[in-house]
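Got some structures for you, see below.
Next come two complexes, and both contain chain A; in the first it sits with chain B, in the second with chain C.
After this line comes the complex of A and B, so read on.
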């Protein structure tokens, strides 16, 4: 049985004084445990909405999301700690008034309920697993860089031992160096904890580095689903091509934009 | 010059004036608290043989038309003016915080109902509404306090609703929900601590307004009743002697001005410090 099964999910945002907007049309996907699904698409394609549905922050207008054989939205309290999230903007994703320890401890206190020494020990383990020091636990978000703060958000996401983590543009705001480091960290943690990822991104290179299956959304519709990196690389359909063209060339000479301009130098 | 100033330079913008204002407010609070020990005379002791005297060693600011010590009346007046302002502020803040947080956090019909209620109250100019309520309840300090509270809370509710609604869309609130925090815990640990700094600013600015409102009501003869000493009431009583003894009105007027200016200047500095918009009406 698949860990995650998205079954003909559609989602409509009702708006005041404007016609309702359908952001997802009949999306169906399955994801096996221990794998990483890259959810690709440009802005407004419905990637993040699908992420919010997986998290339980919203319920789909029609269709069902089966998680571990259970309808994710059948209960009033879908938040059981088994699905976690890492957001794009790490500064917005943590409460500026809390210390790193408080931030990481939130899911711990809600789901695992450790006390005293064991709790402290767990916090130290978690922050060290994401490559920070135990002394960082007493710091406030303003004292961290964006990359460090993203590590804290990751520590919070793995704290309650989830099965699935939704990475919503988790590396999109980082510089190239941090992006590589965080992707490597995510890959390590996935092995270490046996995690499953849904990696929402518009960055095809980042997705190729972390994911082993790929889905492309365009205007709320699933336009491509590739079960392996090889299949994705070999794919030639227009949706994949459009995603590939969206990335910047590695070498400056390959930038097509330059070719059309007169050389002033 | 859009580059942000370094922290040390921001700190240096705390002018001596701010310290002076803070000193005035703390001094006033001290005077109000320890009035019985500081005042040279009983503020309500009538001595017609001493009426309308100028300053003397026994009466540092002179006496009023009934021979009561002006300084003592000012000191006791601080008690009522400041005390009631604090009371109105805390009570209306508490109601506004509760209603605003509830409306902002639980949108839908709860929000609609509470906000239409606020709209109804805000549709009237607040002074007229207070006058109307006092007209219903009858004159008296207690009635004025209740009326001011009933009118003031809507502005707090509106403001807190806006702040909560903005905060609610922050990613850390979504993360807190995913992390299994209950609504109450989210409000307590994520929302309230983040609306506290603006609260401090608004509170300081509003305190000045509350003192003004109480004094205004007393001046109109609706609030504090004779012979209780209160600044607005003192101006009211002294207005018959404006040609011969203007100090009867000048001293309480100065006291009101000093306190309100101090509250406003401190509030403005805090607003700058925390980057909060200064108006809520």
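After this line comes the complex of A and C, so read on.
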């Protein structure tokens, strides 16, 4: 049985004074435990809406999300600790008045309920797992860089030992160096703890580094689903082709925008 | 520089240093120049001083919290000692700025048209009707169709990619001699990134705008830059022609940045 089965999910947003907008059309996907699914598409394709449905923040208009064999939205309180999220903007994702310890402890206190020394020990383990130091626990968000704060957000996401983590553009606003480090961290955590990810991104390079399978959304429709990196690399359909063409040159010799050679003084 | 007449740079920065009042050095001895039609890339990781540099060039740093020394020559005159009033006419007019986050670059309470017309009128003596016409033309230049409807729209009704194109349209309308583009594509998806870079290149080719292109994405630099400055902890550690930099990086820091950039590609 797959950990996650998205079964013919459609989602409609009702709007005031405007016709309702269907943002997801009949999307079906499956994801096995311990794997990472890349959810790719341009802005407005419906990636984040699907993420919100997985988190239980919204209920699909039609269709079912089966999580571990259970209808995710059948119960009154679909959110439990088993699905966590890491957002793009880490500064917006944390309360600036809480310390790193408070931030990481929130899911811990909600779902695991550790006390005293055991709780403190767990916080230390968590912050060290994401490559920060125990002394960082007493710091506030403003004292961290974007990359460090994203590590705190990841520590918070893994704190309650979730089955699935939704990474919604989790590396998109990081600089090159941090992006690489955070991707490596996510890959390590996945391997060590058997974590399962849904990685929402428009960054094809980042997706290729982390994901095992790839789904492409365009205007709310699933237009491609590739079970492996090899299949994704070999794909020739127009959606993947458009993504490849949107990639920027790696070396100035491959540049396509600036056709003229640099002017020499 | 080969023989012939020396080309005067549009923007010449000499020994630019910014310190906080607590004597923390943010950038130190930054020296570079840009000529008309030239794109100078500025790369470095978060916190290295890229944005402080661009704010200093726009004279936007708060004088109560920072000390700026060194010299900035724009079109042959120093802007360091100009009054705030004079600087305000230069800002936007002679030197324009495109920021990373187009969502926060516009005020949410006025329509795009209101904001564009106001900005155009601030920098050129023209009627509201003429300013509106200039705004429409500029929007068309950045391939935004239905300009009349866009002018009536409010920022929240438009996507990030669209707002960034409107920012560029505004810069196009003002015809600055220098454009500072601070991470112009970072907040955009890959499809919009390429469009925005194409628009910058078109602006450069059409109007000969000199550009400082700030990015941590070496892909952006590879696409557009003529020369590249590499900044580390507030200092320029290397300046080279873009091809030279990618082929033969000299400084260890540049080498590590490139190894990561190229390595990621090899990995994919």
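Quick note on the criterion: the second predicted complex is superposed on the first by the 259 of 265 C-alpha atoms of A that agree within 3 Å, B and C clash if a C-alpha of one lies under 4 Å from a C-alpha of the other, contacts with A are read in each partner's own complex, and residues count from 1 in each chain.
Here, a contact is a pair of C-beta atoms (placed from the backbone, for glycine too) under 8 Å apart; a residue touches a chain by one contact, two chains touch by 3 or more.
Keep in mind the model is a prediction, meaning the values are calculated, not measured.
Engineer: Looking at A:92 after the superposition, I want to know if it touches chain B, chain C, both of them or none. Which is it: first, second, both, neither?
Structural biologist: first
Engineer: For A:55, select first, second, both or neither according to whether it touches chain B, chain C, the two together, or no partner.
Structural biologist: first
Engineer: Between chain B (first) and chain C (second), which, if any, makes contact with A:83: first, second, both or neither?
Structural biologist: first
Engineer: For A:246 in the superposed arrangement: first (chain B), second (chain C), both or neither?
Structural biologist: The second partner, chain C, only.
Engineer: So, A:209: does it touch chain B (first), chain C (second), both, or neither?
Structural biologist: After superposing on A, A:209 lies in contact with chain C but is clear of chain B.
Engineer: Compare chain B and chain C by how many residues of chain A each one touches, and report the one with more.
Structural biologist: Comparing chain B with chain C, the partner touching more chain A residues is C.
Engineer: Tell me the contact category for A:160 with respect to chain B and chain C: first, second, both or neither.
Structural biologist: It touches chain B, and chain C stays clear.
Engineer: Where does A:106 make contact in the superposed view: on chain B (first), on chain C (second), on both, or on neither?
Structural biologist: Only chain B; A:106 stays clear of chain C.
Engineer: I'd like to know which partner A:145 touches here: chain B for first, chain C for second, both or neither.
Structural biologist: second
Engineer: Output check: A:237 vs chain B and chain C. Expected answer is one of first, second, both, neither. What do you get?
Structural biologist: In the superposed model, A:237 contacts neither chain B nor chain C.
Engineer: Spell out the part of chain A that touches chain C in their complex, as residue ranges.
Structural biologist: 42-44, 145-147, 173-178, 180, 202-205, 208-209, 242-243, 246-258, 260, 262-265
Engineer: Sort out for me which residues of chain A touch chain B in the complex.
Structural biologist: 52, 55-57, 79-81, 83-85, 87, 89, 92-98, 102, 106-107, 110-111, 153, 156, 160
Engineer: Could you pull out which chain B residues touch chain A in their complex?
Structural biologist: Residues 170-172, 174-181, 189-190, 193-194.
Engineer: So in the complex, which bits of chain C are touching chain A?
Structural biologist: My answer: residues 1-2, 7, 35, 37-39, 45-47, 159-161, 186-194, 197-198, 201, 205, 216-220, 222-227, 241-243, 246, 257, 260-262, 264-265, 267-268.
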